[in-house]
Amino acid sequence: MNYQHILEQVSQEASALAGEGNVASYIPELAKVPPERFGMALVTLDGQVFSTGDASERFSVQSISKVFLLALAIRQVGEKLFERVGKEPSGNPFNSLVQLEYEHGIPRNPFINAGALVMTDVLLEHLPDAKAAVLDFARLLSGSSEVDYDYAVAASERATGFTNIALANFLKAHGNLHHPVEQVVDAYFHHCSLSMSCLELARSFLFLANHGILPHPTSQPINQSTNQPANQSTNQPARLLSVSQTKRLNAVMLTCGFYDEAGEFAFRVGLPGKSGVGGGIAAIMPGHWAAAVWSPEINRFGNSVRGMKALELLTTLTGESIF
Amino acid sequence: MNYQHILEQVSQEASALAGEGNVASYIPELAKVPPERFGMALVTLDGQVFSTGDASERFSVQSISKVFLLALAIRQVGEKLFERVGKEPSGNPFNSLVQLEYEHGIPRNPFINAGALVMTDVLLEHLPDAKAAVLDFARLLSGSSEVDYDYAVAASERATGFTNIALANFLKAHGNLHHPVEQVVDAYFHHCSLSMSCLELARSFLFLANHGILPHPTSQPINQSTNQPANQSTNQPARLLSVSQTKRLNAVMLTCGFYDEAGEFAFRVGLPGKSGVGGGIAAIMPGHWAAAVWSPEINRFGNSVRGMKALELLTTLTGESIF
Amino acid sequence: MNYQHILEQVSQEASALAGEGNVASYIPELAKVPPERFGMALVTLDGQVFSTGDASERFSVQSISKVFLLALAIRQVGEKLFERVGKEPSGNPFNSLVQLEYEHGIPRNPFINAGALVMTDVLLEHLPDAKAAVLDFARLLSGSSEVDYDYAVAASERATGFTNIALANFLKAHGNLHHPVEQVVDAYFHHCSLSMSCLELARSFLFLANHGILPHPTSQPINQSTNQPANQSTNQPARLLSVSQTKRLNAVMLTCGFYDEAGEFAFRVGLPGKSGVGGGIAAIMPGHWAAAVWSPEINRFGNSVRGMKALELLTTLTGESIF
Amino acid sequence: MNYQHILEQVSQEASALAGEGNVASYIPELAKVPPERFGMALVTLDGQVFSTGDASERFSVQSISKVFLLALAIRQVGEKLFERVGKEPSGNPFNSLVQLEYEHGIPRNPFINAGALVMTDVLLEHLPDAKAAVLDFARLLSGSSEVDYDYAVAASERATGFTNIALANFLKAHGNLHHPVEQVVDAYFHHCSLSMSCLELARSFLFLANHGILPHPTSQPINQSTNQPANQSTNQPARLLSVSQTKRLNAVMLTCGFYDEAGEFAFRVGLPGKSGVGGGIAAIMPGHWAAAVWSPEINRFGNSVRGMKALELLTTLTGESIF
């Protein structure tokens, strides 16, 4: 498959949608991003790398970081995570506060904000420094030690993120947050501020296309408590999740990864993936590759307009999807 | 893969769950089914057939028939179907009347009852006899001319299905039903009463694992308006849906096929599928096989307890899933 | 108090709102009513009658008839009525189907459509002819034997009232309707079609301002099973409801009489009352008088714009309200 | 009317309900109150005072203080208050977070917690010290300078009131809170902790039965900005609210004063009133008297079981109600 050629064609066709959607404005820092940006990257399990446009430029991954949280939380507590958070699509146009109330403080799934707050609380329980752990994990997955939080974005959201603080207090009221609200939301806002490029994101998702094994050459067995390669001298690929755990995480991405457009994304694209309001989307073709796309203009559901179109074109042109 | 051996192992392990769940009782006719029944069948694209238990016994497929409706409706009107019905998971514990009201008469997806009523209305618009068309389609897919409606079940539901009649009237009030309520619900109740065995169901789903092409030897090109083989003399496999249409139908199954347990089924099983309150489930492994399982005891979400377990064991033991 | 002068002043001031609101159009027959109509009447317990404008012209009382249903149902079954229907304001902007579902088929109060359908079902159980009984009751209360159903309106609603038929089927599904859906909705649509003038309505509500006793000279003790004066020869005023029953019915009017504007009406007007989408409103000042107003232009909540204004002016100018 | 005799009869009959309901436990300080306590007081406009049981014992008035907030807020901003808070009954069994979300941060009425948070925010805007102002107002109304906040209760709620903090953050997210969340909830929790006896409460509500005029002998014209008697030398009764404002406040009590039992209270008691989870209820008979009752055992709606029964008996035995 000539992925490079396809990426370029996708980029060109998707550019017709420029101007549709709006850059996320609820966080002042995000509103500054130039709307016309577009980047896309695809990395294969056998180590090939393809990219187009602004694929090396870092942007705020926002909710895509929830996938890293979920992988870490499953590594720490396994299926017990799902005693505190559901795994069903939220599936209604009203936001998550309503469901949280109906369902007595159990977030509907790990990828709504309430679910990520609970996962953050879980990490705070099992890791010495939950903020550092997620950053280290992103660096390990991407193979890039330069990946970092955008502290201006984190501070910006900390000052204005009243809905998330409301959610955290509501979880606390229902006993589903064990740490102080302040501590949980501080870590959570940092996780969201993670800044990565399409190339870094695509590489980071590759283990999910590889049954849980980190495939790239620097991979090492990972120490469970430090989340770092256990032994610098070996060259064994590192298993991060079991086959079954990987299947389950991918299933959650497919059914819950796109807010109230999970059905739309599965329908049009047909791949497990996760989006963020920064305009990024990462997706995987199990057994083959991982891809990431970035275009800051998002639709009313919070998903990148050109990003969704680009991934739809990618699966149409390659004929590859999980269905 | 020794599927026969695996099916037998699955059957044995799943039997531990006998007694969990209850036989559907809201239709008197369904309540008569012996709860201990269990059958399972798997058919591969290359024509192999495996089965265990009561795999040849017919049961009421109920909502599994909605997959046939969706395939026929897509054949008739293509993507325009989705102007009248959504494609997002319903995803909340409250039933569909609520969402129908919030969303002004547009059913959330084709697999909730309201969505199937709209699809029935679409078929009534484009086919001379919608009741006969669905039956003929089920016979064509299963390769069995003996497949039939269970008229006692249809009559039973006709006399007691007040919630469905309420839904139809509500759709009518919102202008999303073009035919008389009586006509739509009569056809709908017959569709639900379709009686098939696991072997027939598995065979019927095979085209969805085959990119839309009916694979078995009797297959013929299908005439668009009669939904029958166009030409009795040729031996070409019949394309029922395009590759893209098939991907989309499978995506709808994955995100919406299990009422409020779509996430759970994707998580545990990892295959596109559809369940019915009669205790049946059909599922596919794209590019490989289709399977059906039947066990009448259902959980509070309406899904077969042993059926879900059996399919979970199947994907665990084979290591096969779409993720 | 110079009520005649006040009514004229009210009429003049309220006319400034002509053109605001719209004539109800969901029933074709109602849409034909000239929007500029305005009538108002006030009758006192000591027999005085005041009126202005089109106070003698009959119009479709629609939901105001629910007050007659409630009085009759309380007469038949007393407090037991409230085992099948609640008495809390519906109080949210979404219509009653939602609450009916959340609350398992128990209508929130007697004045939402679902509640009136249940009351109709109750009457069908206890009176030989529920359709005739409501009409006879309206004639008795108004002292006018010419009051009648508008059969064209009833037929019009019968042909297009799919939401009400949906409600009835949903109640039936929950076991809260004992008679066939057809029979209940037929009676219900007739009750709604009752055609009365402001003068007739005001007179009909007078017993509610009189602790349950029908005050006008033709009043007779009412036979419980026929709902007719028991003894043509006596001249005793007729008790229709006990003091306590009357208090309770008035309380239900105050908290539930104006759809999602019960709070607004209590706030601005401060009287128990009931509105209908035909543009009528009847209200009472306990111990003093009853009034009715009619102006067909209704707001988005279904309440007459000029009617509400007229009653607000009435209580402001007279200084009379229950608070 | 022999109110003293009636109060004693009421007290005796209501005692049959002892043991039904539970003392509010969500605030540790409230849980310590002895459940068997019962007090009741009635004060008339002409200065008579009647009481029984623990009518002089102070308890936590909790939500009854919202009536004081509403009176003060109306005094400060008049009808403009209702641009930031509605006046319709919340009327559904789900708590207020849901409606707040559906209605974009506008609390349904002033008597749900979210509404009181907005009123507190309004007071913070117009009064030098909102915490002191409410306390001073309660002292003025009750004629008792010993009325005070219970600082232990306020601190207890401050430490555990996560749902209210969630509500405040959610209001802030919707722009309907102008002051810092910390400042608003601190004042709010103090308002709720107000500690008063039945005698003090009854006296405090008397101006609402008197068309807005503070009737007791110590009354003075009230300075709008200090909320204190304007002129220590005059003996004129003080007008706190206009006739129309009083009518409106009373209407809000009737339609919204009892959480999801407003209809029930209007139905059984037939008076405007307000309850608190501390087990207190205050109610008025316009033109005649005000009463307060206290019994700490509350039902699942948060209303005092014996308190509601006592007021029902009071209106039944006196034959007095607004209907």
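Order of writing sets the chain letters: A, B, C and D. Residues in each chain are counted from 1.
By our rule, contacts are C-beta pairs under 8 Å (C-beta built on N, C-alpha and C of every residue); 3 or more make two chains touch, one makes a residue touch a chain.
Bear in mind that the values here come from a model prediction, so they are computed numbers and not experimental data.
Contact with both subunit A and subunit B is made by no chain of the assembly. Where touching is counted per the definition, subunit C and subunit D have no chain in common.
Subunit C has its Cα centroid 48 Å from the Cα centroid of subunit B. Averaging C-alpha coordinates per chain places the centre of subunit B 57 Å away from that of subunit D. Shared interface positions of subunit B, defined as residues touching 2 or more other chains, are 94, 102.
Listing the residues of subunit C that touch subunit B in their complex gives 94-95, 97-98, 101-102, 162-163, 165-170, 172-173, 181. Against subunit A, in their complex, subunit B makes its touches with residues 86-94, 99, 102-103, 108-109, 243-244, 246-248, 250-252, 254-256, 260-264, 266-268, 270, 272, 286, 315-316, 319, 321-323.
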